[in-house]
Amino acid sequence: MSEYTVDEIMCATLAARFRDGDEVCNGMASFIPVAAIMLARRTHAPGLVWLAGAAGLDPRPDRVPASTLEAPLWRDSVMYLEQFSDFWHYAQNGRNLGIFCVGAAQLDMYGNANNSVIGSDYHAPKVRLPGTAGLGDMGSLGKRLFYWNTNHNPRSLVERVDFRSAAGYLDGGDERERLGLGPGPEVVVTNLAVLDFEPESKRMRLVSVHPGATVEQVQEATGFELLLPDGDVPETTPPTDEQVRLLREEIDPDGLCKREAGVK
Amino acid sequence: MSEYTVDEIMCATLAARFRDGDEVCNGMASFIPVAAIMLARRTHAPGLVWLAGAAGLDPRPDRVPASTLEAPLWRDSVMYLEQFSDFWHYAQNGRNLGIFCVGAAQLDMYGNANNSVIGSDYHAPKVRLPGTAGLGDMGSLGKRLFYWNTNHNPRSLVERVDFRSAAGYLDGGDERERLGLGPGPEVVVTNLAVLDFEPESKRMRLVSVHPGATVEQVQEATGFELLLPDGDVPETTPPTDEQVRLLREEIDPDGLCKREAGVK
Amino acid sequence: MSKVKTLEEAVGLVSDGDVVALQNMATQAAPMALVRELIRQEKRDLGLVCLVGGMAVDWLAAAGAIDRFIGAAVSMETFGLCQQYRKAVEEGRVRVEELSETALNARLAAGARNLPSLPTRGLLGTDLIDVNENLKTFEDPFTGETLVACRALVPDVALVHAHRADEHGNVQIEPTIVWPDLGIFPKAARKTIVTVEEIVDSEVLRRNPDRTVLPGFRVDAVVEVPYGAHPTSLHPRYGYDARFHLAWTKVSRDDDATKEFLDAYVRAPATQADYLAAVGGSERLIEITRT
Amino acid sequence: MSKVKTLEEAVGLVSDGDVVALQNMATQAAPMALVRELIRQEKRDLGLVCLVGGMAVDWLAAAGAIDRFIGAAVSMETFGLCQQYRKAVEEGRVRVEELSETALNARLAAGARNLPSLPTRGLLGTDLIDVNENLKTFEDPFTGETLVACRALVPDVALVHAHRADEHGNVQIEPTIVWPDLGIFPKAARKTIVTVEEIVDSEVLRRNPDRTVLPGFRVDAVVEVPYGAHPTSLHPRYGYDARFHLAWTKVSRDDDATKEFLDAYVRAPATQADYLAAVGGSERLIEITRT
C-alpha cells in the first residue's frame, strides 16, 4: 500500500464524493476541497462543474494557489459570475450549484454549524469568529453540505453549537423537513474519519475511520456520542498511488494542503 | 419672427423644461423628446444627463436616429446599463433619473395614462394597445412625467381613461399623495398647447397655446373642460432661429420629428 | 458532454402548453430561427414571456402557436403595432397578462431565486393589479407600507440568441446593450435553448470571461445559426432589417397575405441558408451589416 | 462639472456616525487610501458595511473609528482573523450585525430600490434572525411560506476603488471578478466616493462602455490614487501584498506595536507617494505586479 499523508486521504475521500456533472463551490481558505475538486476533475469526474470561490467558472489554476478566494485561482475561467446579480440568482435556485464544501469552527451532532461566536452571549462573545458568510445561506437553501475538518477534536465537534450560524438538521428528526429547507449536511471528512447523518434521527454517524485510527480514538475526539454503522466500522479507502502522485506533483506541489492539515 | 414647424415648437418647449444636471430617460418611438434632449444638451443644458432608451448613458448619435430604442442611438455611450440589474436599481430610487418623457394613447384630466386597451373590458378589448411597459412603473415611482402628444384631440385627451395603465393623479386632489407615490405628471406638450396640473385639484390646466391656435380650438380638441390660468392665456414661446437651425441642420436633418408630428 | 443540437432537436425540447420566455426587445435580438422552428413544428397553446415583443409575437399569434402573452409591451416600435397579435387578442384567442417592467422582473427574479414572490412599488394606483391574479397588494412586514407582491414566474423554457457559445453551453456576447432577456430570463427558466452566430472552442471564451453571460450549467441546447436573429438586430454584428419589417407590416393586416408570407419565409425554407436566400441573400446581409 | 477631489476633500464628505459601505473582499480591492484618510481625519462612531472585511476593518477598529459592523464576515483569509477587530468586538467596543450574503444583498437591494424590505430563504433555522432587529420572519402573501424579511439598508456613503474614471465620475474596471461592493453598494448608498488608479478622458471610457460599472450620476467624488488598494489586490493590475499582510498579523495582537504600525504606515505618510515609499517603494510594487 502506498505512502500517503492525512491531507491526501482527506482529498481523495472528498474527491470520491463528486460525481461527473455535479456542480460544486468552494469557500475561503479551502485548500483541501480545492485540491479534491482538481483531483476529481483530473480523474473520474472531468465534467465536474467548479465555480471557484463562487465566482470563476471552470478555471484552470496550474496548482492549488496561495489563496482559494484570490487570483490566480480564477485563471482561464470561462465566465466570471458577478456575486450579486449572477451567482446568488443561480445558487438560490435548487437546480444549480448543489454542493458546497465548507469548514466550521463548531459543528454539532445534527450538522448545525457555528462560525459566529464562542460563548453564551452573542453580543458579548468570549471569541468573535469570522462570521457566517455564505454558509448562513447554503445551510438553509437545500444545498448538499460537505464539511471538512483537519482538527477533529471535542471543541470543533460539539454536542450543541454555542450559536447556530448555519442550519444543519436543527434538533434532528424531521425538523429541517418541516421548515421546508430541503437537502442539508451530507458528509463530514476529518483528519481521523468520515461521518454522515443517520437518515431517521439525523444524528452524526461514523462511516469509516482512516487507517491507523480506531473507533475509540474517534469517539474520544468527538464531543458527543457518535452513532455507529451496522457491523464493523470499515477503514476509509486510502488514496491510490496515482492520486498521491497527482496531488504531490501536479495539484499541490507547494504542499498547501499539508500545511492546512498540520502535516510536518 | 422665424419660420418654424409644430415639431420644432414642441422640441423647443420640452427642451426649455430641462435644467442643466437633470437626469432624463426617453422611451420607444420618441423622436421629439430625443430631439428636445439633444437640443437642450447643445444649448442651455450641456450637463443634462441622458440615459438613452433607459440603456445607453450620454450617447452622441450624430443625428436623431431611425429608432429611439436601437443602435445607433447608443453611439459613443459612456456606459451600457443592463436593464434588470443596473437600470431599475437606479430608476426605482428617487435620487436618480427623475424625468421620464413619454406618450400615451389616452391621457385623462388627472394625468392618468392608458397604453393598454380601448374598450370597457380589459380581457375583451375593442383595441389592444402596445402595453404599459416602463410607464406603469414610472407613474408610481415618483418620476416627473413629461407627456408629449402630436395629435391633440378628444380621443387622446379624455375625461377618464378606459383603463388606467399608469398612475397620474388618480382621482385628483391629494389621492396620489395619500398613496405615497411622490411627484407625478408635470407637463403635457401637444401640437396645439402646453398644459400642466393645477396644484390643488390636480386637474389639467392650460399653460399656453401655440401661436396660431386659440384657447377655444384647444378646448374643442380636448375631451374635458380645461382649467385656465389667471388672466390671459399666453402664447407658447416659439423656437429661436438658432434652435430651428440646430434642429433642421444638425439634430434632425432627416426630418423624423416632422414625420412624427405629421408635418407635410 | 456536448450540448450542440440541430434546430429541430432543440425545439423538440419545447412542449405544447409550455411557458416560453422569448428574448426580444421590439426590433432587437429575437431568436427568430427558433421562432420559425416553433411554427414549423406546429407548437400549440404556448404562453409567451417577453419584455417587449416584436415580430416574433406577431408571427406566433398568426400561426396560432400561442394562447397567452406575459410581458410589458408588444410593438415593432417605428414599424407600428403587431397587427396579428392585436387581432388575436381582440378576438379572444390570446389572453394578455400585462406587467410593468419592474413587475415582470420581480416575477422572474422570484422564479430564479426560488422565492414565492417579490415586491415592487410599480403599478400602485393602476388598474393592472386587479385584473392580474399574479399580482396582489400587501403590507411590508417592517413599515406596513402597501406594496405589490409579484408571484414567482418559472418559464418552462427560455429561448435566446447570442454571438457565440462553446459546446458546453457557455454563452458569450460582444459589447452591446443587454436587456432582461439575458439578464434574468435564463436564470428563471427550467430549460434554456440558445442559438448563436457561431460555436467556438472554449479557449475563445476563456480570453474574455467577463463577456460570458450564461454559464453552461444553465443551458440545455446550443445551435449554431448565423444571422439567427434576422430580421431583428444583433448589435454590434448586424442591424434590424427595415425592408423586411416594412414588408411584414404591409401584409400583416390581411390574413391570406399573412399566410402566404409565413409560407414563403417560415414554412418553405428548409434550412437557415434557404431562409437567408429567401429574404434577399448576401445583398440583404450586406445591407444590414452596414452601419 | 468636475467631481475630481483630493483624498482630504473626498473623505470630508464622511461624517462621524455615518454608515460607510466599504468595498472589500478579504484581501481584495479595498479603497485603502480612503481608509487611511478616515483614520487621519479621526472619524468616530462609523458603522461599517462589508461583504467580507479584511485589513481595513482591523485598522479602523484599532483606530477607534468604528462602533458597529454590518456584514457577512471579517477575515484576511489565509492571513487569519482580524485580531484588532476581534478584540474590539469581544470588549464590546464594536457591535456586530452578522448577515448571510443573501440577507446583506437583500438589505442593500431594498435600499437601492426604495423598498422597505426584501425577502430571502437564507438564515431560516439559524439563531442570526433573533439577534437582529433588521431581520424578521413573515409569511409570503401568495403561499404563506415563512421567509426572512431583510430591512432596507441605505448607507450614508459607499467607498470603492477601481481602475479608472473620468472627471464626471463614470467608473470603469478591467475584466475581473466583481463582488457586490460594485454590484450593489453604490446603488444603495446616499453618496459614493471613488478612488481610481487613473483619471482619464471620457473618450477612453467610451471605447468600452460595457466595462463602465458606475454611472457618473451616482458618484459624488473621484480621486486619483495609484495603487490605492494596496495592500489588497486590484486584479488584473496588481495582487495583494503578502509580506505587508504578514507584517500586520505579527503586530496586530499587541496594541503598542499596532499603534506604531499605524503611525508609520497610516498617520505619518502625508501623500500616497510617501505611503508607497514607506511600504517598500518600487521594489514592492514590482513584487505585487508580478503574476
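Things to note:
Think of it as A, B, C and D in the order they're written, each chain with its own count starting at 1.
To be clear about the criterion, a residue touches a chain if its C-beta (ideal position, glycine included) is under 8 Å from a C-beta of that chain, and two chains touch if they have at least 3 such contacts.
This structure is a prediction, so every number in the text was calculated from the model and none was measured.
The set of chains in contact with chain A as well as chain C comprises B, D. The chains touching chain A as well as chain D are B, C.
The pair with more inter-chain C-beta contacts, choosing from B-C and B-D, is B-C.
Centroids built from CA atoms put chain D at 40 Å from chain B.
Inter-chain spacing, taken between the CA centroids of chain B and chain C, is 29 Å.
Averaged C-alpha coordinates give centres for chain A and chain B that are 58 Å from one another. Chain D has residues 109, 113-115, 120-121, 145, 175-176, 183-184, 209-210 in contact with two or more other chains. Among the residues of chain B, those in touch with two or more other chains are 56, 74, 80, 82, 84-85, 88, 92, 141. Taken as a contact graph, the chains are fully connected, with every chain touching every other chain. Residues 25-28, 51-52, 71-75, 77-78, 81, 85-86, 89-90, 92, 95-96, 98-103, 105, 109, 120-128, 131, 145-146, 175-180, 183-184, 233, 235-236, 239-240, 242, 291 of chain D touch chain A in their complex. Remark: chain A residues 21, 23, 47, 49, 51, 56-57, 74, 76-81, 85, 88-90, 92-97, 141 touch chain C in the complex.
Residues 1, 109, 112-115, 166, 168, 170, 183-184, 187, 190, 202, 205-206, 209-210, 212-213, 215-218 of chain D are the ones touching chain B in the complex.
Residues of chain D touching chain C in their complex: 113-121, 136, 138, 140-143, 145, 147, 149, 151, 175-176, 208-211. Chain B makes touch with chain A in their complex at residues 82, 84-85.
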